[in-house]
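Here's the structure, in structure tokens; my notes come after.
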């Protein structure tokens, strides 16, 4: 579904991503793990186009075959099927919950029935959103914003969703429901690339994982294999299993 | 190879500068004197835009206010040259302070618009308050014969050489001062603000105050430039404080290379000579000015200095290989 | 000074204010949405006035028929400008767009000057007569200006609140990158905003033409006040520019009772400066 090859990214003169290679198969959940500042968010931002790629390739599998999106502007990548939920959530503060959902949805020219159907799907996953429709984004709690940020990408039915630290700042209960949502997404056929600091929670829902260190992928493997190697996890994540 | 080219060019330029009054006639000397005054004006602006990164569209306001201060002092208040000049410079500095004070209270883009607002306001007032400013005709400086020092008189409009060298001396002094200023601790702070304002703020610098300060310092120099320009022309008019001139000096600074001090100075001298020539050719010169502004922005945003620099570097690379 | 004079000037202020609001809302939309300082904005206003004059001269009998044509003509010119000149410098800092638009505006002004000459042209009032309300009489055309202006301003406001493009305009103003990441074609939104902004300015010019005449420099005369309105209303704040426009219009009109116009400008500037000291973000909280 998504293929990233030899991606290099610079912030000004700073070389932050050094030849990142990863791929995500359709309908699978893949975790991108690593300590703070190692380049996980940057990788997602480069995939959606918020940050320009210096060199390398980003390819998306569409209905008509593989498409090279490396030089496309963000909005075309999103239209091609990449969904992005940023770390800071970035809900529109002065738009209502419904308007937040509509921003991406309105482009799709759906019939009222189809719109209703998609919104209902989102509300099925996040029931409390249905009661907050007229509230402006800025008054929502952290957890509600997180749900909204995911929902407004969900209704677009993307081929792959890039999730940047969805559990950050959430209570354990909410983290559980978010992770459950991620699992459901995978089961329903949407690919997910999940960036998380909470490695254990991530590997719980993901099939495969990549460990990043200093701007490059250090280790990769199935979740089971990674979890079975606590020393590597320790070294790259500073996590004691 | 290229390391010899630049000093050589500089030496040639200096020689030409020194000999100009003998090489050209009276009119040419006068033109060059005025152009150098505009060069001084651009040099002062480089401190604001090139060094500190402030986009002020009100610099001509300071240029004109300085000149008007002096003119009003000499004609309406009957004061001598030096007190009038001091009045002009003080007025320019006060205006610079006022504009800076209010402009820094807005966020980034608001700064630009605030300077535009002030510049427009002063221009409008000057247009209307004809009893003070003389409107389009301006104030004639009945004597362009200035008692510069006891016993030393300078004739400006006569295209005199003594006036020419005075202006050259002022420009040279200002350039030395500016170089010292930029290299000083204060200059370092200003460059830090240009590079990363947020970081400067985080480090505890009162960024607003520094911005106002550089505007005032540059304003003083611009005031001096205005005085010299007015003397060489023989009159002050509202053309000296138009927004148009503020925009032109931005273009000259960009063309010459922001932050290089010498670049904007040279660009201003050459461009203003060019405009004067153009004016004698066609009444549509403003159209050309507009077109040139547009083209410079689209095609030469790093300025000619950048282009020439790149050409020199490429030549250097080729001779090396 | 009697109550009559006061009411008369209040009404005048409203008619000025509506015109300022039209111009200022264009500036604020373009700044707030696109980070774009348009120094040629006053020239769109001017071109609108020339457009209506030209339309009437050519022989389009009715002012009201020529109005939309004039506005449309200016919008087309604006879009041509955007495509030819502004596209290449799309991502450059505000300084560059400032200079480029200034240069373009200067060229437009000079072109108009050389084609039509420097002298002011007159346009007959499309609506003559007065509206009588008890002891008060007020020129009918000015009432029309106020009504038409307010209706259109309100229409644009509704458009921004209800339509899809309006939603996208608001979203881009709040978070451009995220809006793009959701698939919204941001360049198209920019084009809409640009067309809207230049159209509003042109409309202001058309409405102003019978009142103030048509001259090549009329843009420069209003642009200062328009910028003051924008700063008072808050950069990027549509409602703020409308309220600010009316406010400044009233300040000028009321000021004109006792003071000369330029002094009234100074009062407007003074008001802005006081506001900046007290409320740096502008008059209204960001009501995006």
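Per-chain numbering from 1; labels A, B and C assigned in written order.
What we mean here is this: contacts are C-beta pairs under 8 Å (C-beta built on N, C-alpha and C of every residue); 3 or more make two chains touch, one makes a residue touch a chain.
Every value quoted in this text rests on a predicted model; they were computed, and no experiment measured them.
Setting chain C aside and leaving every other chain in place, which groups of chains remain linked through touching?
Once chain C is set aside, the chains that still touch form these groups: A | B.
Based on mean C-alpha positions, which chain is nearest the centroid of every protein C-alpha shown?
Closest to the centre of all protein C-alpha atoms: chain C.
What is the chain whose Cα centroid lies farthest from the Cα centroid of chain A?
Chain B.
Where the CA atoms of chain B average out and where those of chain C average out, how many Å apart are those spots?
Centres of chain B and chain C (C-alpha means) sit 33 Å apart.
Can you compute the centre-to-centre distance for chain A and chain C, using the mean CA position of each chain? Integer Å is fine.
About 43 Å separates the centre of chain A from that of chain C.
Would you mind pulling out the distance in Å between where the CA atoms of chain A average out and where those of chain B do?
Chain A and chain B have C-alpha centres separated by 53 Å.
Tell me, which parts of chain B touch chain C in their complex?
55, 57, 102, 105-107, 109-110, 112-114, 116-117, 120-121, 124-125, 128-129, 244, 247, 250-251, 254, 284, 286-287, 289-298, 301
Using the touch definition up top, name the residues of chain C that touch chain B in the complex.
By the definition above, chain C touches chain B via 31, 35, 37, 39, 85, 88-89, 92, 94-96, 98-100, 102-107, 109-111, 114, 223-224, 227-228, 230-231, 235, 260-262, 265-266, 269, 272-273, 276-277, 280.
If you look only at chain C, which of its residues touch chain A in the complex?
164, 167-168, 170-171, 174-175, 177-186, 286, 288
Help me check something: in the complex, which residues belonging to chain A touch chain C?
48-50, 73-75, 78-79, 84, 86, 90, 92-95, 99, 102-104, 106-107, 152-153, 156
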